[in-house]
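The following pair of complexes shares a single chain, subunit A, combined with subunit B in the former and subunit C in the latter.
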Partner chain A sequence: MRERYGFMAEFDDPRLLADAAGAAYREGYRKMDAYSPFAIEGLDEALGLARTKIPFVFLIMGIAGAVGGFLLLYYISVVYYPINVGGRPLNSWPAYIPISFELTVLSAGTIGFLALLIINRLPMPYHPVFNSASFAKHASNDRFYLCIEADDPLFDPDRTRDFLMGLNPMGVIELEK
Partner chain B sequence: MSGIESVEPRIRRIRLVALAAGLAAVASGIVAALFQPSQFFRSYLIGYTLLLGTALGSAGLLMLHHLTSGYWGLITRRIFESAARTLPLIAVFTIPLLFGLSHLYAWTNPQTVAADPLLQVKQFYLNTPFFLVRQLVYFLIWILVALSLTKWSARQDASDDPFVLERLRFFSGPGLLLYCLAITFAAVDWVMSLEPHYFSTTFGFRLITGHAVSAAAFAIAVAMLLSSIDPIAPLINRKRLRDLGNILLTLIMLWAYIAFTEYLIVWAGNIPEETSWFIRRFHAGWGAFAWFLIIFHFFVPFFFLLQRSVKHRPLMLAGVALWLLLMRWSELLWIVGPVHHQGFFVHWLDIVVPAGLAGIWLAVFLHQLTRRPLVPVYDPLLREPVDGESRVTA
Partner chain C sequence: MDDARLLNAPFDSPEAVLPPGHTYESVGEKVASIPLAPVSGTRWQWMLGLAVSLLFLLIFLVAIIYDVQQGVGIWGVRIPAAWAFAITNFIWWIGIGHAGTLISAILLLVNQQWRTSINRLAEAMTIWAVMCAGLMPLLHLGRQWLFYWLFPYPNTMGVQPQFRSPLVWDVFAVLTYFTISLLFWFTGMIPDLASLRDRARSGFARTVYGFLSLGWRGSARHWHNYQITYLLFAGLATPLVVSVHTVVSLDFSISLLPGWHSTIFPPYFVAGAIFSGFAMVLTLIIPIRSFYGLKDLITLRHLDNCAKLLLATGLIVAYGYLMETFMAFYSGNTYEKAIVLDRLQGRYAWVYYTVLFCNVVLPQLLWVRRYRRNTVLLFILSIAINIGMWMERFVIVVQSLSRDYLPSAWRIYGPTLWDWLTLLGSLGLFFTMQFLFMRLLPMIPISEVRELLHRQRGHTA
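Our next item is the complex of A and B:
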């Protein structure tokens, strides 16, 4: 057999998954992940996941877009190509606002989206969990999975399997790497 | 968790206090009106537009909910309905204003019109008889729409009739259109014609976005203050709190966007009849007040509502919502005040009369709210299977 990736418990109820994740965290497991067809409130906290940095990336890139857009227009209309439009001052900031706003959205949206892909390590053409036929069929449909990975320091083939069995799953699947 | 019965005595007390304080405030305003009628009518107009906007915005968001569905509307629907059902009261509030037209509007004065060619051109629209007819038409439309919507909704409580929602949805599309058209004209009549030379095609829509802010802020404040009470408590979770906060966030962004667009277009056009409106509002004290509005009606609530930690706390959310209601009053002061005052000026009547009207209005609103279940009991959204988001606690 190839190297082991971990053990995965299969549940038919989102509540069981959330409870199981909490129990595994309290047991001391850290290298684990939960899979569910939809978001489950409280699951992130139960798994002990750190808060995502995505909103922060969006905020910073949004501010950068706003400031950059404004400076760009200032540079064009005051420094690089000053033009007198109907006697208005060169630094006519009201006219800069729409473009600064659009660049805020553009910069936050595109770079935020790229950051999302990078932080989630996407695109990911291979992931061991799909070695389970049941997972491939049900994970985005009607079942809920908790996988404890073999490189967790507390991982022990027998004890981890017994621990997962004790959480009322439909079954425990052994995954190859 | 406890039902509405547990707070009923408290609500009844609030109703009585609001009604008594409201009547007392309005009465003191009326006494003052004998000495300063013009000031009284201006202050009254601020309170009137604030409450009219909250009631109209509630009916508008209610129709938007019927068209789009969603849990945000399930939590706030009865609050919107109760606020929309106060429209007959606001129709009564209109009557005193009709006696003050000559104090408020230059176009009612034949001598002013005779000396002003622009006003002569506008006279086919801006004249008292036509003005009165229009108000009658607006209120007929508004009250008809509001009462039909809430009547059918009440029928849904009595029987599990699936066709009620169909009908509400069918009615809401055209209803919303008619509504917004009427509000646009009413905004021109009551507010824009205070300075009859000014014209802006986005003025009505700018007030409509303000109405939506008032209505959402009011409904969210009420829902959050009732969030530990039974039919509402089980519906509240973090995701739905975020939804409510985000609706408020979206609406203040829309308001800021439209208000800025109006300014930008007038600034770019640079025509005296239009720019003078903004020049009055950006100079001599009103300018500082305009910056106050930009910062505290937009930026500060915007950054508060970006934070999940604010949106997850019902009382914080209620605080931001109540603050926004205060900002609605401030914006109306900024629109109405500079018509007659060169520099920044708040008369005590500007505070007392709107507060008094709001007290009376609140009493009627609470009466409407307690007459029906706080949540539409037969709504299909309540029967949907647990979606994982709703009840799981880890």
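Our next item is the complex of A and C:
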């Protein structure tokens, strides 16, 4: 048999999954993940997930877009290609606000989207969880999974399997890498 | 579906949005069965619709080629009316797009659960509408192949765009709007594409949806990042949508032309955009929900809410009409007064009265709950409002231009065949994209409806 990725418990109710995730966390498991067809409120706390860095990316890229956008307009209109319109000031900054704003949104949105993909490591063409036929059929539809991975320090083939069986799942699946 | 029960459900309970009886599986089955139907299962009505749309798209292509080859002289645009149909189409299309963003972003931020079933459709509509809109000013360039002169890039001519001009702001606003709408729409669709991948029976469908879903597996870590990104997108899109139509309105109000030079334009344009956009949403969802049997996901409650928003934004638009007229006389400005009198009595008066009838008089029917839930009436009304809003923009653009300060320069504008073909052709582009979308992608956000179902079960438990 190929190397083991972990054990995965299968549930048919999102509330059971949230309870199971909480129980596994209290048991001391850390290298685990839950899978569900839709976002379940409270699941991230139950798994003890750290705060996401995405808002920070949006903020930084938004500021970069705003400042960079304004400086671009300033440089072009004041230094590179100044146009004297009836002696009005070259740095007519209110006129530069709309484009600076659009560039703020553009920069935060596009880089934020890329950050989502990078932080989630997507696209990912292969992942061990899909080795389960049940997962491949139901995980995006109507079932909920909790997978404890083999590289968790507390992982022990028998104990982990028994622990998962004790959480009242429909079944426990052994996953290959 | 048991509409009577939905009518009596409390306003804020999710039950009022989704009827009882759905499961996670049934939602997926219902929505996914449309894109996953085999080629042989394609319905003839859909094929006919696509064929007609493609015909108009072909007309659009001919109109574009002829325009690029001959120049904008093929249209009726003559000084002083240098802007006419193309700019009217531009404002109309981009306004239609705004309702999609309102539904997907603003209603998300204010936690309106009824948005869930219709947000994907509305966002898709936004993207096609912005595509049609973006083409219009592009076609209006004398030399379309030099469009990249609009961007600030280092060039051997040593010239740069004039950033004090709202026309340059427009370029940035529309392109940003298109990009963000597309990313927002795609982000929202990733989990549903994964669901289609897992439900697909043919290897080809599984490969295509698998590729598009990026290997999404519904990990809690992913959802954690995903949800905050989606929310932040909504937060970005909300001021964006307001800024886009504001910039469009500034194209007019920053100029000195009577009929354009007015501070009420930004709010009046944004409200008008959402008004016309909701009309288009209704034009699309009323036939779709009955054709695809989605009446239990897109319920009368949805139509009712759209109709209420139509009424509310319609009243803001009516206020705009009133204030424009009032301010012309209140200002005492001869030219402003003249342009308003011409609007009421001149050559384009019939257009203006049609506008008032379609956008102000007809929507008053929506005060009555019975009419808000009458699909046939709503459908007819939504088309009337679409037409009315197009004509409103026509009056703003053309009537104001055709009578500026100097009577010796006055000239009545009349559209040519090519003006009409460009307008009809853009409808072809819009509906072609819409038909393809309906057949190939999940029209209703499966994962969001499931989440709503989950919360609804929490309520009953």
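Side notes on the structure shown:
Please note the rule applied: the second predicted complex is superposed on the first by the 175 of 177 C-alpha atoms of A that agree within 3 Å, B and C clash if a C-alpha of one lies under 4 Å from a C-alpha of the other, contacts with A are read in each partner's own complex, and residues count from 1 in each chain.
In this section, a residue touches a chain if its C-beta (ideal position, glycine included) is under 8 Å from a C-beta of that chain, and two chains touch if they have at least 3 such contacts.
Just so it is clear, the model here is predicted, and its values are computed rather than measured.
On the superposed subunit A, the two partners subunit B and subunit C do not both fit; they clash. Contact with both subunit B and subunit C is seen for A:A95 once the two complexes are overlaid on the shared chain. By the touch criterion stated above, A:G109 is placed in contact with subunit C alone, subunit B being left untouched.
Judged by the touch definition given at the top, the superposed model places A:L117 against subunit C, while subunit B stays out of reach.
When the two structures are aligned on the shared chain, A:S36 is found in touch with subunit B and with subunit C.
Contacts of A:G86 after superposition on the shared chain: subunit B is touched, whereas subunit C is not. In the overlay built on the shared chain, the residue A:P14 is in contact with subunit B and with subunit C. Contacts of A:G22 after superposition: subunit B is touched, whereas subunit C is not reached. By the touch criterion defined above, A:H127 lies against subunit C but remains apart from subunit B after alignment on the C-alpha atoms of chain A.
Set against each other, subunit B and subunit C differ in how many residues of subunit A they touch, and the higher count belongs to C.
Overlap of the subunit B and subunit C contact sets on subunit A: residues 14, 21, 36, 38-41, 43, 95, 98. Interface residues of subunit B facing subunit A in the complex, by the touch rule stated above, are 237-239, 260, 263-264, 267-268, 270, 306, 386-394. Of all residues in subunit A, those touching subunit B in their complex are 14-15, 18-19, 21-22, 36, 38-43, 45-46, 59, 86, 94-95, 97-98. By the touch criterion stated above, subunit A contacts subunit C in their complex at residues 14, 21, 33-41, 43-44, 47, 49, 52, 54-55, 58, 72-73, 76-77, 80-81, 83, 85, 92, 95-96, 98-99, 101-103, 105-106, 108-110, 112-113, 115-117, 119-120, 122-127, 129-130, 136-142. Across the interface of their complex, subunit A is touched by residues 23-25, 28, 152, 158-164, 166, 168-169, 172-173, 175-176, 179-180, 183-184, 187, 191, 194-195, 197-199, 214-229, 232-233, 236, 239-240, 243, 246-247, 250, 446-448, 450-451, 454-455 of subunit C.
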